[in-house]
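Next come the structures, one after another.
Common to both upcoming complexes is chain A, partnered first by chain B, then by chain C.
After this line comes the complex of A and B, so read on.
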């Protein structure tokens, strides 16, 4: 536990410098360009969320976009109510078109910004907590977790599309008002907004690293190794799994809120299959063992996607596909695995003596134990 | 006082009765050896005590507490530790990290969220020296030799500091010397911990045993000192005579 800490700090500092200085410098601190970079940061947060449960505890959540989408809808509902304040009854336009008579009760809390921000984190946590309790108390693992999370996400997406009067349906929630934060009307095409997104990303990653580097994170890694064995040491495995699953949902909720701010609408595609699977790919490319690396994967892949689609118009999806296949084949641990391997080789070269000095059980003196007699 | 009592413990797997009405009293601080031919139900008995398997009928009492219905993690918290037949450690964790997992007096999430380092002194240092892994604390467990892995698992149980330790063939795969060292360690632990040891190696059993329980076909065949057991005609027939040459298999 002690050794990995310095490595983490260095990685985190480099990553912070990249996000805070290098990325804005690449576009001359131009607010307009930084809008799409803020989008990449939001996707970096959700890639880190995938890595938190997958890389640390071995829980592959294929429905991560569910909690991401919930976060974005929460934010969109608040901004929509703000935009509809002048309408009769404060009703959003799509409700009027679909003949909804009064604002549904579950929209009411979203008039308040503090409640909205709390809900953007807590609703994903509650959803993941309930689902996690059901799955992990029942000792569901591996591919079955992936199937359940994926199905739940698609079910919720279908419900949202169907309940057009309450949710905006297929179109999502559009024409939003700008967010107002402590009297600052947030301009999403500005440097301050970029730094707001970067601040969220760095804060969330720091909290995640604390969780991972604590003994709780160690227990989670042990669970990934051999869950049954962990139980025989007295740890409640289901509770640990539920908590990391919920923490990951909270991160995804934050990411969803940011994403909604950047794109200025929420849509059922945010809970779609292709986005959800893409999140897993980003985490895999960056390296699922480290949430910082996974965040970098999310940012990098989306950045590359932006560049490639500018240059090659149509063929970029093909090129991206080739990159993914190459990563899975040659770098199964992602870019993080490449760096970690290099670091291990270096430390093996310098500290070879210390590492290999362990002799087999040489301390306990055989206090006159006669081991003659019949053996072998 | 009895540390562990089994009352009429029975488990059926389909048509097979693996353990059949087993009664067992283990005194506080006792080192009990469990013998028996293959398939006698020794490992299954340990599974029933630690909660890996639920009994069809009967009770398991730890001290005066009935732990029959508890899930395995609560039994571990109540004071039952288990060492498995094939050494089961966390292979992707280092030796020190494995010990930290073993150090589970406070297993709640809120407790573990506040622990960030394993101090290599006091109990941790003592245990590391006892099992000879003090120089290997940062070695990943999958780089250890087979003997070292066995010792690491024993070390984790020592960190767990449980009342009752269940050992399933702790010397399997160890060299003669390592076996002797293990015997010395066990004699040292006797008194502070109650131990139930399943073992095939008769030399090892003679080295450590106070009381020996022999099982056959899922039930108790004989109980007594090693000398009484070795001269018991029923035991000789069921076990010692026909497996004497495969005692190390």
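After this line comes the complex of A and C, so read on.
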């Protein structure tokens, strides 16, 4: 537990340095690239969300894009109302087109920024909380959780496409106003916006790590290994599962809000099948056992996608596919597994050195910490 | 394809790659200097070649690239070559936005030619409007848009319907059954159709929408049997259109008594439906592959030679083709003046070009004056043009909405 905590801290610090210092430097602080990288960070957040429920508690959520999409729509609704302020009745253009008479009641709260930000987290939490209570109290596990989450996501997506008078339908919610935060009109191509995204990512990861390293996290890991035994110990398994499921939804909601800001529109494709499955792949590539590694997976795969599509116009999708197959075949624990394996090998060796050194009565060299740092 | 010279493969190392490129001439290095350094004109080409709508959208890409290469082969524009930056946005709106950003902000293109669906156009809009760039959009669409950064090459509802609907009523009767997929395009077209029918004394017996991709129409067919409309006014797209037409045929309905009149069905859909099932039905469009003009003969011949004799040209890839020539004409009109997206837009207004469909003209509202035609599908998969409009029809994207008009100063409200 203690050692795990140290590894977490070092990994987190390295990751923070990567995101805060190395990434903006890599792109020379140019506006276009910063915008793209901010998008990758948002996708990193949602990959971490997948890993939080999958890696920690063994709940594979194939419908993670549902809560992600909800976050993006919440943000889009606020920005759309701002953009429509000059229209008659403050109605968004697509409502006027589809002959909606007045603003639907559930749009009203999104005039306020604080309520919007709260809703971007709380609506996903409520959705996941209700769904989790229903599923986990019914002791639904494994592949059935995957099926239910996936179906619910597709159902909501269909509803959004069909109710175009309320949701913008197939085209989504477009022509948005820029976000205003404490009088700062957010320019999504600027360094401050990049750091806003990075700040959200790091804050969310820190909270996730706190949850994982708390007592609840320990119970969750036990549930992953053997839920029945934990239940016999008297723990309310369903409650713990619902908590982690909702926490993961909250993370996805934050990611969705960021994603909408970067792209300046919300679309039903944000809760689409392919994006949702891609999120699971990112988490698998990074390593589902660690949310930091999963976030890195989300960022890395999307950077690779951007880079490969730039260099190999025709074959990039094929190349990405080959990479995914290779990871699943040869690195079932993802990059994290690779690094963790290397760390264990190193610490076994330094452990041997340590024993020899202790035998000779010398001071232990501090290589252990350094090698752990490199491996996460 | 053309643009991603494999030398750049060496840059895969990311940052480290930059030094590796040092030895190459400036033209290889990406960025804002391309225009000044080489005299080439950078343009973006943004059509999906993979994903859900690639079957149609890749033909727009083909037509666009053909025009670019024709122009370059004949000496470019006043001696300057078009340098196409090709991207594949994979039918995904988020990827459209990302790639458009890359083209506009990094590659500094002066225009983008791109996209098929309304959703993808909407995804690109914030990017081109934010940077005041120019987006050449070749597809027919629902109207009610008046951006100063989009050149609309396809028809808006009034151009497809104002002759078509009265003609249908005259020949078959005024009882229309409106059938479409459930999204903004069919709903807008049907708003316009209702208005026209109201003016000429027709009626709508039913207005029905099915979800995108819906492909089981037995209950729709039985409702049609019950209503016995004179015309099935159809704005189904893609797979739905194909499935509906096949079920119509297997249900034994008669195109002579109850024809399907489509605004969306082109040679592409008909080849998927099969000529026999589509035969006898009607489409309204500014262009059909079978249209008889010397320009079209040249276009079809070049297209089939290049991409295979089994391919078809249709009303969207014809626009993707002529828009590149409109762009060329605008640059020639600019002469020695600085080439910026805004300057290209202003120079393009009022320009005429002899397109395969006839001579088209760009309106002050950046939509295009077109030559609507009514075609009847034949069993060989081609349309026989029955009616050609006698004059160019002006684009009025707010035609059905009184007091709103799209002008060179943007949308005016009365």
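Everything below uses one rule, namely that the second predicted complex is superposed on the first by the 351 of 376 C-alpha atoms of A that agree within 3 Å, B and C clash if a C-alpha of one lies under 4 Å from a C-alpha of the other, contacts with A are read in each partner's own complex, and residues count from 1 in each chain.
We take it that a residue touches a chain if its C-beta (ideal position, glycine included) is under 8 Å from a C-beta of that chain, and two chains touch if they have at least 3 such contacts.
Keep in mind the model is a prediction, meaning the values are calculated, not measured.
Student: In the overlaid three-chain picture, which partner chain does A:193 touch, first (chain B) or second (chain C), both, or neither?
Tutor: Neither partner.
Student: If you stack the two complexes on chain A, which partner ends up touching A:170: first (chain B), second (chain C), both, or neither?
Tutor: In the superposition, A:170 touches chain C alone.
Student: Now for A:267: first (chain B), second (chain C), both, or neither, which partner does it touch?
Tutor: A:267 contacts chain C only, not chain B.
Student: Which partner chains sit in contact with A:231 here, chain B, chain C, both or neither? Use first/second/both/neither.
Tutor: Touch partner of A:231: chain B, not chain C.
Student: Contacts for A:40 in the overlay, against chain B (first) and chain C (second): which applies, first, second, both or neither?
Tutor: A:40 sits against neither chain B nor chain C.
Student: So, does A:216 touch the first partner chain B, the second partner chain C, both, or neither?
Tutor: In the superposition, A:216 touches chain B alone.
Student: For chain A, give the residues common to its interface with chain B and its interface with chain C.
Tutor: none
Student: Can you check the complex and tell me which residues of chain A touch chain B?
Tutor: 1-3, 5, 211, 213-216, 218-219, 221-222, 224-226, 228-237, 239-240, 243, 354-355, 357-367, 369-371, 373-376
Student: Give the list of chain C residues in touch with chain A in this complex.
Tutor: 1, 3-4, 8-9, 11-12, 14-15, 50, 86-88, 90, 92-94, 97-99, 101-102, 105-106, 118-119, 122-123, 125-127, 130, 144, 182-184, 187-188, 211-212
Student: Along chain A, where are the residues that touch chain C in the complex?
Tutor: 26, 30-33, 35-36, 39, 94, 97-98, 158, 161-162, 164, 169-172, 174-176, 189, 259, 263-265, 267, 269-270, 274-275, 306-307, 309-314, 317
Student: Which residues of chain B touch chain A once you look at their complex with the stated criterion?
Tutor: Interface residues on the chain B side: 50, 52, 71-74, 76-77, 81-82, 84, 88-93, 96-97, 100-102, 104, 107-109, 111-118, 129-136, 138-139, 144-145, 147-148, 151, 156, 160, 176-181, 183-185, 201-203, 206-207, 247-248.
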